[in-house]
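Both complexes below contain subunit A, partnered by subunit B and then by subunit C.
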Partner chain A sequence: MSGASRYEAVIGLEIHVQLRTKSKMFCRCDNQADGAKPNELTCPVCLGLPGALPVPNRTAVEWAIKAALALGCAIPDESKFDRKQYFYPDLPKGYQISQYDQPFGGPGTFEFDMVEDGKTVTKQIGITRLHLEEDAGKLTHPKGADYSLVDLNRAGTPLAEIVTEPDLRSPAEAKRFLQELRRLMRYLGISDADMEKGHLRADANISLRKPGEKKLGTKTELKNLNSFRFVERGLAAEIERQTELLDAGKSVDQETRGFDEDGNRTVSQRGKEEAHDYRYFPEPDIPPLEPKALGIKKLVKGLPELPVEVKRRFITEYGLQPDQAELLTDSLDDVEYFEASLKAAMSGKNKINDRTKAAQNISKIAYGIGRQIMTKKMLNSFMELDWPGSYPSVTGVGARYLASGEYTMSTLNPVMERIWEEDLDPEKTLEKEKPQKLGQSDLDKIIDQAIADNPKPAADFKAGNENAKQVIVGAVMKATKGAANAREVAQLVEKKLS
Partner chain B sequence: MADAASPYLGTVPKPADIGVARKALDQGSLQSVPVAMKDIIVTADGRKSTAASKMLAPYGSPYDATVVRKMLKAGAEVVGKTNLDEFAMGASTENSALGKTVNPWDPERVPGGSSGGSAAAVASRSVPVALGTDTGGSVRQPAAFCGVVGLKPTYGRVSRYGLIAMASSLDQAGTFTTTVADAATVLGTIAGPDPLDATSVDREVPDYRKALTGDVKGLTVGIPKEYFEVEGGVQLEIGEAIEQAKGDLRKAGAKVVDVSLPHTKYAVSVYYLVMPAEASSNLARYDGIRYGHSVERDADWQGSLEDVYFQSRAQGFGPEVQRRIMLGTYALSAGYYDAYYKKAMQVRTLVTRDFEQAFEKVDLLLTPTTPTTAFKFEEKADDPLAMYLADIFTVPASLAGLPAVSVPAGFDKQNLPIGLQLIGKHWGEATVLRAAHAYEQRHDWHTKEPPR
Partner chain C sequence: MEIDRQAVEKVARLARLALSDDDVAANQRQLSKILEYIDQLNEVDTKGVPPTAQVTGTVNALADDEVRNERRDELPIDAPATDGGSIKVKGVFDG
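And now, the complex of A and B:
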């Protein structure tokens, strides 16, 4: 990243968030296209048949306003839909119903924290606007065929388009922004925001300028960055390309580019001169809307505690590390799960009194054992699963037994797994399966045996190879079935060998 | 295929037993009443829904328009689809790509348009009721030319779901009947909010037949002077008919006063910007990809995606449709939008305000429906501007979304029907129909049938 020092990257994002409403944006067709046969979820409205008319989905409108509020956007007194006109086979009406000059969300600021050089830094990214529109269908091009296929199941799916100010300064920051945005959408419960599934799609505008310079350089638009990794890699590749151009005294052409992942470079897709005139005009089939009449006050009240706030609270209130807090606040379900577990850990007969300790133990269990089990069970991303209602109390009980020293993570792990899988009573089971406490003399014997069984590592350690002792520690842990404390064992091994 | 000069596209219905239908209608019922639908109103009955365009000649709709559904529910029977100007673009039905319809009163003359087929079907007593659509006069003008009652309700009163859209902010379903009472019955059937049309309005639908008291006591009727100052003037007999109507309404209890609608002279210009702009957008869906005419249906055809668009649309749309698509596309283009579409919408507000101010003083406006009676075929076909001026008296109420009716008002020297127009306040159909009915009852013009 030699260019990073000579030039400052200026990045703005345009993000499409697919709203997971029950029905489509302007008709009553099912909005959940996954698994449906092509063109199964269509009707006269989303097929653009003669005489059909769009009727806005109230929930989608409310959700768009909710998202705008959460992004700190100003909500206008009056909003309207407009037609964006162009011809394409995936666009049944020859226009997309979108919003032009009166979007649901006006200017706003989105705040999040990220760790940079080991320090937590607060980022404030300007939001230019948020508007609501309908998605187009999907085209597929069968190999070797002289035709393309159109599937209109997705046509009419509600999309919230979010445009940021050019406030982002690095690919990492852009990626982070998108991750935070995904988290926000999930907190609001309005989108699954899964990039791989296209629920969240990002385009980026990027230009370079000399540090300190106010004027923006010529930008390129990078299209269809469909994973967090591609966002980071695509932007890095484009920064490198622009840096080389500027270093060579050449200028950057304003154009649309795409990321070629195999070549790890960006390629030109469309020049500026091919820019469309979309001939926007107010959608005459839908009267203007007054967000106030839709009950903004109620929407504001219904907003959840936002991710950035929850995370900060988890750090200050529970003494969690930023990365722990990050994991534990990934979704509102996770937040609820954590706080319910905490409550369970801090009550009952062997309750934990120290909140920080309770929080630490829950963090270990929830994202150690819990994650393993859930992954095994569902073969799915942990983040998207709803925890069964009994899980928090099970975790809380586990945390208590961990705190009391009767279990270590290694001994707790298999028991918890069984409790979850077989739906056992956590208290009774943990009590019954308690590992026998190792006496000091027992442990001494086991360590001696392990040293005797591993003469080479023992000799290596004595010769100065620090790491060699791990083999012996491992052997001890295995022999004690995890009941020993690994750190304590390591100290004892060291003592015996020196 | 319809015969050479039929009001219908597709199958011509067998002559209806008007007697049975008459009996039902006299009781305010549509039970077993044969009804014709302008072929821009989609029906799922196996008949094509063509908009009289080559573009949709092969098209059958999988669903019924809301107005069709409501008529069927009321017991009416759809017996045929009627001819029109292609996509409702025209004032003579000459722009139909699929057939010719003549005026029942004189086969050398046009029935008016765009709902010429529906007007001719009712005038020739083929059916007692037909539905049409009115964007700038497409119900009222052919009703006047054919000597029947043509009612355009308030914008938002009747669902537009299933009306093949021309100009969304102006289109409205309307009725053709031989009497005002029948218009009241049909309006009562099709009016009301529709969850499938966001521009339909949830307002109480009154019993329109009950409004027909036979008098106009307590009403003030305004005569807008600008309607008599138009370019080219008003045909003499039509002016006389208005004078006579003023007397009739006075006798029936109304006060008649002069009013001014100063922005009337801009109405046609505004209309011919707003309408093509919306039409150019509404017709974008006919792209040769999913349904309708497509060059790709020819197995031997080869070309690019753009060729599919260009050639399908060039072949599928007639000249007037292409003209309006080009006008509208131009008016909405970057750099022209403010000067044309936006300015037109601003002037549209002024036209609407004229009416609002007039309606502070009067309950109704009385005007001619058309400057002339029915003209001959080819007379205006090559002169789009002259054709556009045929809408000059009907366009302003359309721009303002007001209800208006054309009622038979006698005949000119050539025995061609004359129509007069009554324009009411928003949602004031009951008053419009009441006055039209009181006027109708003083004459027997509505009972006159064209020569067979």
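And now, the complex of A and C:
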């Protein structure tokens, strides 16, 4: 039974974003731990040895401020680091260097658009704060063993922690927020933000209340929602649990819970509750920070056009559908690729004059053929996900030939593939490989042949089986190597058979 | 300042230390003594002196983002037990 109508869910998120700096937060150990042997990337600072001096990473600090600016946060005049004390084997110092009362980013707002009931709705989610801290090490628990293994390569990796106001109202909205936040982090170039690799980790606070009620209900904290799917499913399971409790007249206990994927339910982690006394105090080893002396103007200037703005621009300026715009603005590389392609499509001798038309054709090529080839190439060479420099012009030229009617998507597809794979000149190749323009009489002949070759489907169609004509249309498309327009062929076939 | 028994037990729990009754009593005495000693600072007149955790007057002491530490073959610490480079500790299990 759904509780959605009886109660309103109130959700806030805490997100840890792993920054992709070269070195760690407070020491100059390598921050790229992928493939390293356990504890290979450690030093006295990140091992927490006595007498070691932590020195903050300038880039990490600048990126935290950059992220805070992009989230519309106020940047304070003064900031500092603090020690957060707790004891766990993955934390060698016995405290984590974090920020308590002077984070880098004060209150802000994050805006994004999402489609709800077929309509695009703008969401504004309050950002409580953004602060910088160091990650802990990694613990593994060998199966059946009575010990755990500690690898401190990740200890000291810079994390930006972002805390939202309880402004989210549904699991779908929370998931969407995270996806948009990931996109923002990637646009800013400060994190790979890959949830599967733990670059983006989310905890959620959630409570229910009657619609119209102002007062917040008792919340629970849902830990380690480590994929977009878990965020949605975990929150849905917790809403269901709280709904049942409230319906039965019981109260919700304030506690930490985890999502049990197999049982599709949340489970109490009461045991972890007791140590929430972190005894923060200012980190004496790190002098205070004055963010404004770090060249805020330069950081503001260096901010990219934000994803939400790019997407809106793609819809209004280029006449793209929201879902097309979504795909084409996935990364800044994609945006650059699209706009360079558009430029190429709207210049040259058979240039497209209508921008919307050009944009549509590029969208078709980029996410039809382009993606397919890129994926193939990436699988072959594990190359980075950058569009090679020549791709936009190739796409633009392809869009032009599509617009001129000399090619259809199916005739264009194989030629484009060859151009990309063999690195051919797009203009010359598309000119040379132009499919024979089918005259009406040629098409008539081909259709007649296809009907003659397929007597049974033809008879079936005449007997009233509408679908039977598809066999004949397919045969025509095959014979013309895709050069014909399938809809036109279908109409002609129908006419001939009736 | 007098430290009571509960305070010692709480700090011990936070620090994951198992203290015997005698240990608790001893720590209660010793911690109280330490705090009494520190209390002497309260005799100084700090009116008009802003609180600080810093004495150097330095701000924005930051380091450039470059890798300068080499990969190490061996841990620079005497871990009681290791396994393939990892440090072995008593089993902890995430709920």
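The working rule: the second predicted complex is superposed on the first by the 457 of 498 C-alpha atoms of A that agree within 3 Å, B and C clash if a C-alpha of one lies under 4 Å from a C-alpha of the other, contacts with A are read in each partner's own complex, and residues count from 1 in each chain.
The criterion applied here is as follows: contacts are C-beta pairs under 8 Å (C-beta built on N, C-alpha and C of every residue); 3 or more make two chains touch, one makes a residue touch a chain.
Worth saying up front: this structure is predicted, and the values here are computed from it rather than measured.
A.B. asks: Looking at the superposed three-chain arrangement on subunit A, would you call subunit B and subunit C a clash or a fit?
C.D. replies: clash
A.B. asks: With both complexes superposed on chain A, which partner does A:Asp277 reach: first (subunit B), second (subunit C), both or neither?
C.D. replies: After superposition on chain A, A:Asp277 lies in contact with both partners, subunit B and subunit C.
A.B. asks: Spot which of subunit B and subunit C makes contact with more residues of subunit A, would you?
C.D. replies: With both complexes superposed on chain A, more residues of subunit A are touched by C.
A.B. asks: Tell me the contact category for A:Cys29 with respect to subunit B and subunit C: first, second, both or neither.
C.D. replies: In the superposition, A:Cys29 touches subunit C alone.
A.B. asks: So, A:Leu149: does it touch subunit B (first), subunit C (second), both, or neither?
C.D. replies: second
A.B. asks: Is A:Arg83 touching anything from subunit B or subunit C once the two structures are fitted on A? First, second, both or neither.
C.D. replies: In the superposition, A:Arg83 contacts subunit B only.
A.B. asks: Tell me which partner A:Gln269 touches in the superposition: subunit B (first), subunit C (second), both or neither.
C.D. replies: In the superposed model, A:Gln269 contacts subunit C only, not subunit B.
A.B. asks: On the A-aligned overlay, A:His141 touches which partner chain: subunit B = first, subunit C = second, or both, or neither?
C.D. replies: Second partner only.
A.B. asks: What is the contact status of A:Glu290 with respect to subunit B (first) and subunit C (second): first, second, both, or neither?
C.D. replies: second
A.B. asks: Under the stated touch criterion, which partner chain does A:Lys93 make contact with: subunit B (first), subunit C (second), both, or neither?
C.D. replies: After superposing on A, A:Lys93 lies in contact with subunit B but is clear of subunit C.
A.B. asks: Return first, second, both or neither, reflecting whether A:Thr42 touches subunit B, subunit C, both chains, or no partner chain.
C.D. replies: Only subunit C is touched by A:Thr42; subunit B is not.
A.B. asks: Subunit C has the stretches 3-11, 21-29 or 39-47; which one runs into subunit B?
C.D. replies: Stretch flagged for C-alpha clashes with subunit B: 39-47.
A.B. asks: Once the two structures are fitted together, what part of subunit A is touched by subunit B and by subunit C alike?
C.D. replies: The overlap between the subunit B and subunit C interfaces on subunit A comprises residues 44, 47, 49, 55-56, 85, 87, 89, 150, 277, 279, 281, 284, 286-287.
A.B. asks: Spell out the part of subunit A that touches subunit B in their complex, as residue ranges.
C.D. replies: My answer: residues 44, 47-56, 83, 85, 87, 89, 92-95, 150, 277, 279-281, 284-287.
A.B. asks: Give the list of subunit A residues in touch with subunit C in this complex.
C.D. replies: It is residues 21-23, 27-31, 36-44, 47, 49, 55-61, 80, 85-89, 139-141, 145-152, 258, 267, 269, 271-272, 274-275, 277, 279, 281-284, 286-290, 293-294 of subunit A that touch subunit C.
A.B. asks: Mind listing the subunit B positions that touch subunit A in their complex?
C.D. replies: By the definition above, subunit B touches subunit A via 41-42, 49, 51, 56, 59, 61-63, 65, 160-165, 167-169, 195-199, 277-278, 281, 283-285, 287, 289-291, 305, 309, 329, 332-334, 337, 341.
A.B. asks: List the residues on subunit C that touch subunit A in their complex, please.
C.D. replies: Answer in residue numbers: 10, 13-16, 53-54, 56, 58-69, 71-73, 75-77, 81, 83-95.
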